[in-house]
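Questions regarding the structure given below will be posed in turn.
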Amino acid sequence: MPTETISPSEADLKEWRLEFHRYPEPGWCEFRTTVRIVEELEQLNVDEIHIGADALDPDERLGVPEEDVLSEWYEKATSETNRTDVLEQIQGGHTGVVAVVENGEGPTVGLRVDIDALPITESADDDHRPASDGFRSTNEGFMHACGHDSHITFGLGTIQSVIQRDFSGTFKVFFQPAEELLGGGKAMASGPHIDDVDYLFGAHVGLDYPTGTVVAGLDEALALARMDVTFEGESAHAGLAPNEGRNAVQALIAAAHNIYATPRHREGKTRVNIGEISADNAANIIADRATASIEVRGESTELMEYMRDAVQRHVNTAAEMHECDAEISLTGESIRQDCDGELVDLVSETVTDRSESLSLIRRDALAASEDAMYLMKAVTENGGKATYIGIGGSNPSGHHTPKFDIDEESLSIGVEVLSKSVLKRLS
Amino acid sequence: MPTETISPSEADLKEWRLEFHRYPEPGWCEFRTTVRIVEELEQLNVDEIHIGADALDPDERLGVPEEDVLSEWYEKATSETNRTDVLEQIQGGHTGVVAVVENGEGPTVGLRVDIDALPITESADDDHRPASDGFRSTNEGFMHACGHDSHITFGLGTIQSVIQRDFSGTFKVFFQPAEELLGGGKAMASGPHIDDVDYLFGAHVGLDYPTGTVVAGLDEALALARMDVTFEGESAHAGLAPNEGRNAVQALIAAAHNIYATPRHREGKTRVNIGEISADNAANIIADRATASIEVRGESTELMEYMRDAVQRHVNTAAEMHECDAEISLTGESIRQDCDGELVDLVSETVTDRSESLSLIRRDALAASEDAMYLMKAVTENGGKATYIGIGGSNPSGHHTPKFDIDEESLSIGVEVLSKSVLKRLS
Amino acid sequence: MPTETISPSEADLKEWRLEFHRYPEPGWCEFRTTVRIVEELEQLNVDEIHIGADALDPDERLGVPEEDVLSEWYEKATSETNRTDVLEQIQGGHTGVVAVVENGEGPTVGLRVDIDALPITESADDDHRPASDGFRSTNEGFMHACGHDSHITFGLGTIQSVIQRDFSGTFKVFFQPAEELLGGGKAMASGPHIDDVDYLFGAHVGLDYPTGTVVAGLDEALALARMDVTFEGESAHAGLAPNEGRNAVQALIAAAHNIYATPRHREGKTRVNIGEISADNAANIIADRATASIEVRGESTELMEYMRDAVQRHVNTAAEMHECDAEISLTGESIRQDCDGELVDLVSETVTDRSESLSLIRRDALAASEDAMYLMKAVTENGGKATYIGIGGSNPSGHHTPKFDIDEESLSIGVEVLSKSVLKRLS
Amino acid sequence: MPTETISPSEADLKEWRLEFHRYPEPGWCEFRTTVRIVEELEQLNVDEIHIGADALDPDERLGVPEEDVLSEWYEKATSETNRTDVLEQIQGGHTGVVAVVENGEGPTVGLRVDIDALPITESADDDHRPASDGFRSTNEGFMHACGHDSHITFGLGTIQSVIQRDFSGTFKVFFQPAEELLGGGKAMASGPHIDDVDYLFGAHVGLDYPTGTVVAGLDEALALARMDVTFEGESAHAGLAPNEGRNAVQALIAAAHNIYATPRHREGKTRVNIGEISADNAANIIADRATASIEVRGESTELMEYMRDAVQRHVNTAAEMHECDAEISLTGESIRQDCDGELVDLVSETVTDRSESLSLIRRDALAASEDAMYLMKAVTENGGKATYIGIGGSNPSGHHTPKFDIDEESLSIGVEVLSKSVLKRLS
């Protein structure tokens, strides 16, 4: 029976997800994760495995952590695997993999999945299955609380399905790092493997849809930019020499006040927030340094850019106003790219063709930001087509919460929908 | 009796003061006043009379009114005098006179008096002597409410005294316009007549000292800068296109907020105020124009400059922040210049030499700003000496109030103190 | 021929519009306008004519001008009409009329039209027909630049049509004052005549639709609130006593800065603007008074209220912050009320039933604020139904511009659509 | 020889200073210090030793650290001393001692010294004598970098001198905790031992005067208030629900902006600074908590209070503006109290009476804040007299720096000047 052979065994899928769940690593620190994906891909006999600068453009990475953070995770991965050959290539935050399966002439089809985890401490409660079944995070303080463990499984499982089949063309799977930081999408979209992709599928598990529900096209991702801002002034004793400082706190205040007052935009919704501020002098010292973490969003890429540019202008002029220097570091960014109608139809057919049990939502709004959109945009700009699929998983707790989990049945559903959809364009 | 001949008759002095009181003219509009001073100087047979660009540097005038205001006062003066020869030279806000009396070799001594009036409506009450005695202002809405009518009288009377006497050297009287605007001092100090002055006297009547009190040196004038600021942005409909405007009101708010927060200065007291703000659009239109009148002061010239520069920086960066243009017009400025000890001694001796009735205060603080300081500074920088004298006048009401007046006895006291002091350095 | 008798003669309609166009009066000053409407209604023999407090709730009027403005317009109307009986009842800004036509048992149908003009100087150019044809505004500086002259004509014409016909029920026409101020709608909706209305029609001419186009339901009016804000502090000399003032400019700045920073709202679009600010002291005087005109909007009534409440909170707390008093005067307000489907259908049928020439748009967005919504809401809350109709008029220039005009053919189209629609519910 | 016996041996003084230097403890944590002072006082046979609530008013303590900080230092002191009897009474931040020596009828004379250290890491360089001579701080990160080790020595040494002498009256020494926090002065001035003091001496070593210089009266301490401010709002997701938060960062910004804009004061200099700000949410979360550390100063107590009250008003109204709660904790405060002329004369005489080597400055300005002023004010208000003496010590490095040290010769000079001055009023 074809359907049997198309999907890998459910046991394999669960096994993969379980292991990756146990070893969550944050963005650009997915060293062990990258090694393990490479090992599985070798196992699956894919034609090409690209890592490091071969997988994505290092200069476009955003939000790469400080060296000491990278080192700590790297050391950990070194102690847990034997693949120094791989590790050496990905040292310094060069995680991520692109796998390629080739089978003669034909279109190029891509699948993008993300692989990083979150800085959330996983629940140890009995009603949280990963805890009660013994595959809770072993990296205390970090957790696959958004389902990227399932996404890696989708990637490996879909390759396993597709590779067994007779098809013409090329199949690429993008294992993208640092999605939670909105830091890896742009880098992978700027890498060497996206340009010839004719059809791209992305997928997300969970999203509060029940198991068995599939959304053929998730649209309306909010475009987002995240910035870390530092004002540098000059200290002085506030009592003795109030005019001799260059007050970084005053610069920050002036910027922040005006950033919040950025005009609304006629074209649609915008957002702005300053969640973190910091200056750390004694009360009697004029601050020589103040920092802020700022986030803006827009209903469209243009609206996000309007807000991002306004923040930058406000920061720079406020610094100048108070004779400080300002540094703005873009630490994450995503855009909006809606799904292509043809692929939405294709996925819809895949879902409805199936004899039983799946429930189709053609299109729905993705109430979040997602840097898969960079890859979708790159494909679209090259004349290709892309869609972003939702795979319901009856998650018992919201994404980014300590009890996030998914119904494992969703793993095989995801792999089936993805591999069938991929094969429809490869055959 | 020498003292008789030294001073002009009290009747003359009262007559002068009475006439100038009747015809108050605001800064740079003292057209009639200038004509009448010239006529009196001709009467007194002074050697040189300089007006227009011969009297002061036109490019350094601050706060010159709009053309229509100048014209109105000019037309008025034309209708009230027959001296088109003088008027033509001072048209367009070129008021003021420098009178020179020469008598062979010797030092050059100067006297500076100011000639402009205020936009204050004079009291018509019976207890206000100019009203009850029939010499109330004929220019409704304007008034010599600061005693500059007396100052002109000091200037003319002192010339009349000095010119009769046997002396060696040169005596110059600077009839300075636009003091109330702090607009004429810098221009006259930049003119052609100050550079060779060895000793300069300035004088102010009233100042809440009783008649008979003379202050030999008034110090600690607050340095001051006044600026008119205009922000130019772009209108847009606030409901339909909130992002399409460039909001001049937001620029003004950002500037104003930070201007008030300009740091205190270790060297001494500073002041800042924004007395006037204006933007005049309908509530639904994003303002394309907003204006403010800003004033800063400092205990020293440097402190005023510190504040003035801060205002300018805040205005320019706030404009840039909101993508507006800003124009800053310096409409008035004064500095601090304290009195020279030698001249304070000289005036003190003049006062105490007198047989009777005068009460001496050697030095006191001038709790105001005064642009005579520019002339004093110019003299000082050239190696000369200067002092600014207070002549008590028992003013029944404060300066700049509708019932300001002075005891006319102060006129002859002032002329006597000034002419004797001048002659001490000319003989 | 029915259509002949249903509509009044085109000549009558043009005559009405021409006269009202000539005598534009601003909100709450429509004294002559009210008199003339009363006279025409007497002519038409309507059953009841309500004016003054009989027409609307005086306590709910917003944006009523100062007494001197009211008086000026009142005097003018007194000199131009002979109806002191009417004028005495509407003195003091009690303009507006409700006309009632009764014909036995049956439903009550209402028509709401607005009657005020704008403070815009009408073009005198030859290409502006009211100018070239001699019916340009005689009240210089004021103009029917939004088509309310046509709306009055719709009101009178529809009565003339309806009154001739055989029907059962009651027909009321609300001639509402002060729509441009968003000041009369709430007052008329709180008056004694709206409660028994079962069906309400409103109408607007122009709106950039060509003549012959009719929109059966104009939805999505932005809810709006306009506020005049005054901060009262205390003056002090900024140089001598900087701490002794209570600075109204600082209070305004603090309020304004935070008003612009009012958070966006998840439920939809919001707007905020401060078009006018003013403080009028000399630069050296701490301002004891500062004013601002503020406008907020929301995609829904609730969103407007969210913004309005935020403005009020910011104003009050900023005043307290700077030890000032604040007064907030709501000068205009409108809500959102979308059209009822049944009446949209009814108007659509009226339009499409007509043999020729009209072009129907079922629903469209009204990109403006409109206080007819208060009457529509009142009817709806009482279980009635309401719609707001657009009558295209090929306006050559935008609303609120000096060359606004309409194609007079739209007058008879409007009257026909309205009277037929009204009669459909009365018969 | 009297002078020999009046002063304790230099060796004793050095020994005391050396030991206290080794064990620096921060404000309210001077547990070991208090124990050791008590032990020395027992050794000296003073009549009364008051500690805990007997020494100062616990409710007036400012800036008491968190419980865990107190505990850590308490445990340390417990392990280093055997005096649980003392420790139990001072547990929880009740440090400080008042020592009383009585000798029949007569006036009451007081000496106030302070005992706390600073959170500064002491230099380990060879050119820093405490390091090279082996008495560097053993509490890493803390240091007697302001000379309070010398002040304790002054206190003990002066008792040792005075107690040997024949005198009539009462001598009290106030060993005040938490001066660096400006936290202990008010509490000790509110305690039970100040009210009957007729003459009070305070003293400070160093202050950049050379050894041998004594200042009989240090005036013009800046009054100061330090506040920790917390804004509590409510979190919300900045992208999904921007209106649902109550933004503590916005409240802080509004407060800070206006705090910096607090008007200058006519009466003299004021200062304001916000050295520390903090909010610690992710960029996409509206901050529910933000904190600031604020310091204000004034040339007089009233000016400090003017600024302190303004900060409080701005904080409270800004919180209300953004629907947050604000908590303001006064963590330190000092006032201005100038020295009494009679005591300045007395100390001057003491200095000049001495046969040799001391250099007298009658009065100088104390360019710092000092909470000894509370005790001086309390004495003055009760009709007594007080002065604050400077004892030069040729400090090689500024106060509050890692290499602060003093010439040990200053110890015996200080004790001599203090004990002779004290005895002049006791005899």
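Note that the chains are named A, B, C and D in the order they appear, and that numbering of residues resets to 1 at the start of each chain.
Heads up, the rule we're going with is that a contact is a pair of C-beta atoms (placed from the backbone, for glycine too) under 8 Å apart; a residue touches a chain by one contact, two chains touch by 3 or more.
Protein names from UniProt, one per chain: A, B, C, D = Amidohydrolase.
Here the structure is a predicted model, which is why all the values come from computation and not from measurement.
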Between A-D and C-D, the pair with more C-beta contacts: A-D
Most widely separated chain from subunit D (Amidohydrolase), with each centre as the mean of CA atoms: C
Centroid spacing, where centroids are CA-atom means, of subunit A (Amidohydrolase) and subunit C (Amidohydrolase) in whole angstrom: 52
Whole-Å gap separating subunit C (Amidohydrolase) and subunit D (Amidohydrolase), where each centre is the average of the chain's CA atoms: 70
Distance between the centres, which are taken as Cα means, of subunit D (Amidohydrolase) and subunit A (Amidohydrolase), whole angstrom: 54
Per-residue multi-chain contacts in subunit A (Amidohydrolase), two or more chains: 240, 242, 250, 254, 257, 260-261, 263-264, 271-272
Subunit A (Amidohydrolase) contact footprint on subunit C (Amidohydrolase) (complex, rising order): 257, 260-261, 263-264, 269-272
Subunit B (Amidohydrolase) contact footprint on subunit C (Amidohydrolase) (complex, rising order): 222, 224, 226, 238-240, 242, 249-250, 252-254, 256-257, 260, 271-287, 290, 293-295, 297, 367-369
Subunit B (Amidohydrolase) residues touching subunit A (Amidohydrolase) - in the complex, by the definition given at the top: 240-245, 247, 250, 254, 257-258, 261, 263-267, 306, 313-314, 317-318, 320-323
